[in-house]
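Residue numbering begins at 1 within each chain, and the chains themselves are lettered A, B, C and D in the order written.
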Amino acid sequence: MNLTADLQKRLQNKPILLMTHLVLGYPSLEVNREVIRQMAENGVDCIELQIPFSEPMADGPVILRANQDALNRGIRVADCIQFAADIVQEFPQVNFLFMTYYNIIFRYGEEDFIKGAAEIGIKGFIVPDLPPEEGESYLSLSKKYRTAPIMFFTPTSTEERMRKVEKMGSGFIYCVARKGVTGKKTAMDDSLARSLNSYRSATSLPLAVGFGISSREDVAMLEGKADMAVIGTATIRLVDNQGPAAVGPFIAELLGH
Amino acid sequence: MNLTADLQKRLQNKPILLMTHLVLGYPSLEVNREVIRQMAENGVDCIELQIPFSEPMADGPVILRANQDALNRGIRVADCIQFAADIVQEFPQVNFLFMTYYNIIFRYGEEDFIKGAAEIGIKGFIVPDLPPEEGESYLSLSKKYRTAPIMFFTPTSTEERMRKVEKMGSGFIYCVARKGVTGKKTAMDDSLARSLNSYRSATSLPLAVGFGISSREDVAMLEGKADMAVIGTATIRLVDNQGPAAVGPFIAELLGH
Amino acid sequence: MNQANSKRGYFGNWGGAFIPEVLHQTFTELNEAYLRVRGDETFWQEYVDLMANYSCRPTPLTFAENLTKHFGGARIYIKREDLNHTGAHKANNVMGQGLLVKRMGKKRVIAETGAGQHGVATATMAARFGFACTIYMGEEDVARQRPNVFWMEKLGATVVPVTDGSRTLKDAINEAFRDWVASMDSTHYVLGTVCGPHPFPEMVAWFQSIIGQEARKQILAQHGNMPAAVYACVGGGSNALGIFQGFMAERAVELVGVEAGGKGIDTDHHASRMTGTRAAAGVAQGYKTMFLQDDDGQMLDTHSIAAGLDYVGISPILADLGDSGRVRFEAATDREVIEALELTMRTEGIIPALESSHAFVQAFKDAPEMNPHEAIIINMSGRGDKDIFTIAHAFDDPSWKKFIIGRAQEYRKSSGE
Amino acid sequence: MNQANSKRGYFGNWGGAFIPEVLHQTFTELNEAYLRVRGDETFWQEYVDLMANYSCRPTPLTFAENLTKHFGGARIYIKREDLNHTGAHKANNVMGQGLLVKRMGKKRVIAETGAGQHGVATATMAARFGFACTIYMGEEDVARQRPNVFWMEKLGATVVPVTDGSRTLKDAINEAFRDWVASMDSTHYVLGTVCGPHPFPEMVAWFQSIIGQEARKQILAQHGNMPAAVYACVGGGSNALGIFQGFMAERAVELVGVEAGGKGIDTDHHASRMTGTRAAAGVAQGYKTMFLQDDDGQMLDTHSIAAGLDYVGISPILADLGDSGRVRFEAATDREVIEALELTMRTEGIIPALESSHAFVQAFKDAPEMNPHEAIIINMSGRGDKDIFTIAHAFDDPSWKKFIIGRAQEYRKSSGE
């Protein structure tokens, strides 16, 4: 079953899905594993596994430092892939995606990377610095290996642009709730609501939205307006401050369990 | 008797005359007085009393610092003139001249200065930064008050220049033995001898020559070639190192007494 | 520049616009604005007039008679970008972009800076045009280049120290992009060199082409002929492309780009992308080029005595010109740079920036082998007196150290009071 | 300049050549050489060409649109001497004298310097012409202006700290004369301003007149009319006379010279000769002018935030133009200077030297009272980035102090090893 279909199926039983994020190797693969376990066991639908890059230009300070820290501790791309292979096996109930910057893929070899990821069961890729115009081979390889190239809608996207972009993507649309990098809180205000309306009318793909979600109320507000809430920086902060064991309760609370 | 005539008279009894120098107020007027006594009592013919100036551009480091030191201790032009008035009275056997820079005279009032100096018995002026072209009033006032404006011959003076300059002056000619400022030793070599020859043929005024004279031999070498040996920096150094009492014996030795 | 590739913003294999989707619309508008002024001759004239009136252009092409005699080979001419207002060719680019920003109606500019040269130039432009201005600068560079930070602040800019990554130029670029993705409605990002996403390489090269246009006329007037070779240092590549464009079509004119050889291109301490073996094709900071990176695609730390050359990437346009052989690349080591600088100061009374001195190194290697009726041009991208802290340090000047220690004592005392 | 007095080298009551007899012949030869080139049009052309090729002349006349708007009065134009090679108008004089020295066949030059600006310019000229070079600089200035000392040395000059007198500019001049009276056969003394014995005031004014010649053409081209007033700071007076000469014959153009008001002209800490009451007619350093001196004729200590204005005397030509009322003199205090500097940086992106900022102060006082169709010109004699140590100090910038303290720590550590 492809990612879109999987998500749509899940949505039949849930008011909203949840996608979480972590940076591989931060603070260590062991902690990553424990965090993923907590997420998986508490009902997360998708997890972004970010492969660290030295120049994460679309990320805010928290994720940026996590990238650096992981690199300083010596994490390699091959380690990330190996780890992902194990994890995908271990938690079949979750859709795993690789999130990274294009240079990691490019340098690894685009086909090797995508093919390899598909083979270990990765469902898609989130590559914030690869617009579809630059992603011809990435898009065709994604098609070839049936992985989902996740596309972005942003508050600056015109309708025309959204229609063009969503055609290139699959899986879901990663909706940027506001301008700026990851990690900042956004109010669920009229303008966000308007954006979500126009996003919805531009595509039939599920909409994933993150805007600094940190509470049950935040998630509840999204229900009916989007298909998947995205938790990014919040869990990294949580693990930093309270350790991996805090993640499970946090997820459970978010989902109102 | 004017200065020239006085010097010529002295020369009838001596192979060479001696002119010494001191900076008024350095290290103090009291010490100056004692130094002058030592000089006078040991047969010095002329003494240059240098009135300190803040910008003694033709002086070398020793005299320069003596100027500054005297000014720092608060010496005023009026003090210098008053002191000179006393000294001229006390040592009638010596010809006293004021040596200073033009601004001191200019600022005091040229006529007041020259008239006042003449009245207290000063015989002449040595003003290294006042060439005859700039000294019209100075020269005519010197004539009026019968003081001698001392002119300079230098190694760079052309014959034409010397003839022009010596006509403007009286008393004696201050012969610069070499290029440069005061206080450096010059060898009594062929080129100095040649200079003195040409100086001699350019004027009938007595020739005063200084070139870092510090011993009897230096003075002896000048005999027959010049009319007056000039001792500048040497006595200042002597007083600095050994006190005023050393001046008398030094002068006596120079003159071969 | 003409594009060698049919795809927009590509030069051979290099270039492109690898930008987050949120900037798509911003780049669309920037491209439109750029193409509008590019096609508008009055804009170029306005630019030329502004540079003449504000920045002393045309800058002279000085015949270096003493250096020529010293080497006894080719006649050496120096293109004097050091005489620009703010002291380097960076002024050309910022003033050009400033005019563009005015036309776009934006009211704020941001920029990255390494050495501080581009930061000072941008702050200057912002003051002149009345724009708000924020400059991103690696924390390490802030510490090294305090005088430039001081001037930027006095010119009215806010300088933000970047504490992430290697805390140098590339991190400042990332941070500027982070600002931009949040502020693009009001803000233009004044990229400092011929790198980054399309249209920056092409646009900055266009503004810098004023150097080559002038130099071409000047060498014909003064030497009567095309030069045999043209030398320029290559950080991002803007001064090099600026002057090269005047001679691109003359196949007989050799174009030589000189990279930072640091402690030697066989060491880990250099910033040579086109010479040496540490660089590989990659995509970062919005464009594809040769980057100094490891096998995983992580960017490497770079080193150069010249902060302005201390950068992981290189202009996609130059990467392509290197591929095609149109530009020959060489590297100059820190030590060679100091020697060339010293010689140039003493013989010509000219103080090239440490960056520019790289170009002098290679010219000095080649000139003696050349014929006395040949001419070469060295692009002196900036003046070295801005680098007093670095240069005095590099010369290990004892009186300089004493001076700094004395000043510090004063400051310690007065703050202790 | 035409001489207002029938006596050679006099301007009204001022000027002359109060030189030791040993220099008589040297001055005779200098006068002859000067008159020869003065009458030789090819010399002036050679000079103009050299300045164009080596120093970016003509320097622009920049319309300061923002300052004009800010004050809402006269249109403010800035003559950009800061864009000269070495960063100030001092380059004009030294290159001119350099050409003269070449014609005289001498092989060594000496100069005094206060701020270091004229020293750097002379060292630069000496490097370019292949002359040996010694620079005299007051010990206190050596300590204050170490960066300039560093550059002079790197340019190949020997810098001699002068330990006598107030250990500043006037003492350096005395010391240079002391060198000259011993070395005049091989050596030319490159006096830095329009002071000293004839022919220096007239000769330096002639070389600097290139500023006024250009400015006159430029203001006519840009404004269509003569300016209402022209402002220049006055240390010795060379930049002021340089620009004033372009407008001397236009009686309707007011010429305004701005002196260093220091902590106030009613205090003992300033360097105002034509304003205030501390100056009197006198003779020193080879010429007659208004000097800051006491009743005995001893020169006073002067003070200015701008080292280049910190001088006891003033050009005899300007003293005369002050007497006749052709030039109006004003003073600007240290505090006013910092304010004008700050405003100019922020509004125009231009960093005037502290010296030049004095001219800006008075222009800013007058401009608002004037009519918007009138124009004024401010002569920006030099750039301020050379003054980082003084300016950062004056602004009492805490990060700058921290930076210096940090550097000093490094140096202490490394020398402790």
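To be clear about the criterion, a residue touches a chain if its C-beta (ideal position, glycine included) is under 8 Å from a C-beta of that chain, and two chains touch if they have at least 3 such contacts.
None of the values given here were measured: they were computed from a predicted structure.
Tell me, which chains sit next to both subunit B and subunit D?
For subunit B paired with subunit D, there are no chains in contact with each.
How many angstrom lie between the CA centroids of subunit B and subunit C, rounded to a whole number?
Going by mean C-alpha positions, subunit B sits 66 Å from subunit C.
Determine the centre-to-centre distance between subunit A and subunit C, using the mean Cα coordinates as centres, and give it in whole Å.
Centres of subunit A and subunit C (C-alpha means) sit 38 Å apart.
Quick one: report the Å distance separating subunit A from subunit B, using the average Cα coordinate of each chain.
The mean C-alpha positions of subunit A and subunit B differ by 98 Å.
Touch graph across the chains, line, ring, star, complete or other?
Shape = line; chains linked end to end, path left open.
Okay, what are all the chain pairs that touch?
Those chain pairs which touch are A-C, B-D, C-D.
Enumerate the contact residues on subunit D facing subunit C in the complex.
52-56, 59-63, 66, 80, 82-83, 85, 87, 123-128, 130, 143, 146-147, 149-151, 154-156, 342, 345-351, 385-386, 388-389, 391-392, 395, 397, 399-401, 403-409, 411-412, 415
Looking at the complex, which residues from subunit A come into contact with subunit C?
Interface residues on subunit A, with respect to subunit C: 53-58, 60-61, 64-65, 68, 71, 76-77, 101-104, 106-108, 128-131, 133-134, 151-158, 161, 165, 176, 178-181.
Going by the contact rule set out above, which residues of subunit C touch subunit A in the complex?
Going through subunit C, the ones touching subunit A are 16-26, 164-165, 170, 173-174, 177-178, 181-185, 280-286, 291, 293, 295-299.
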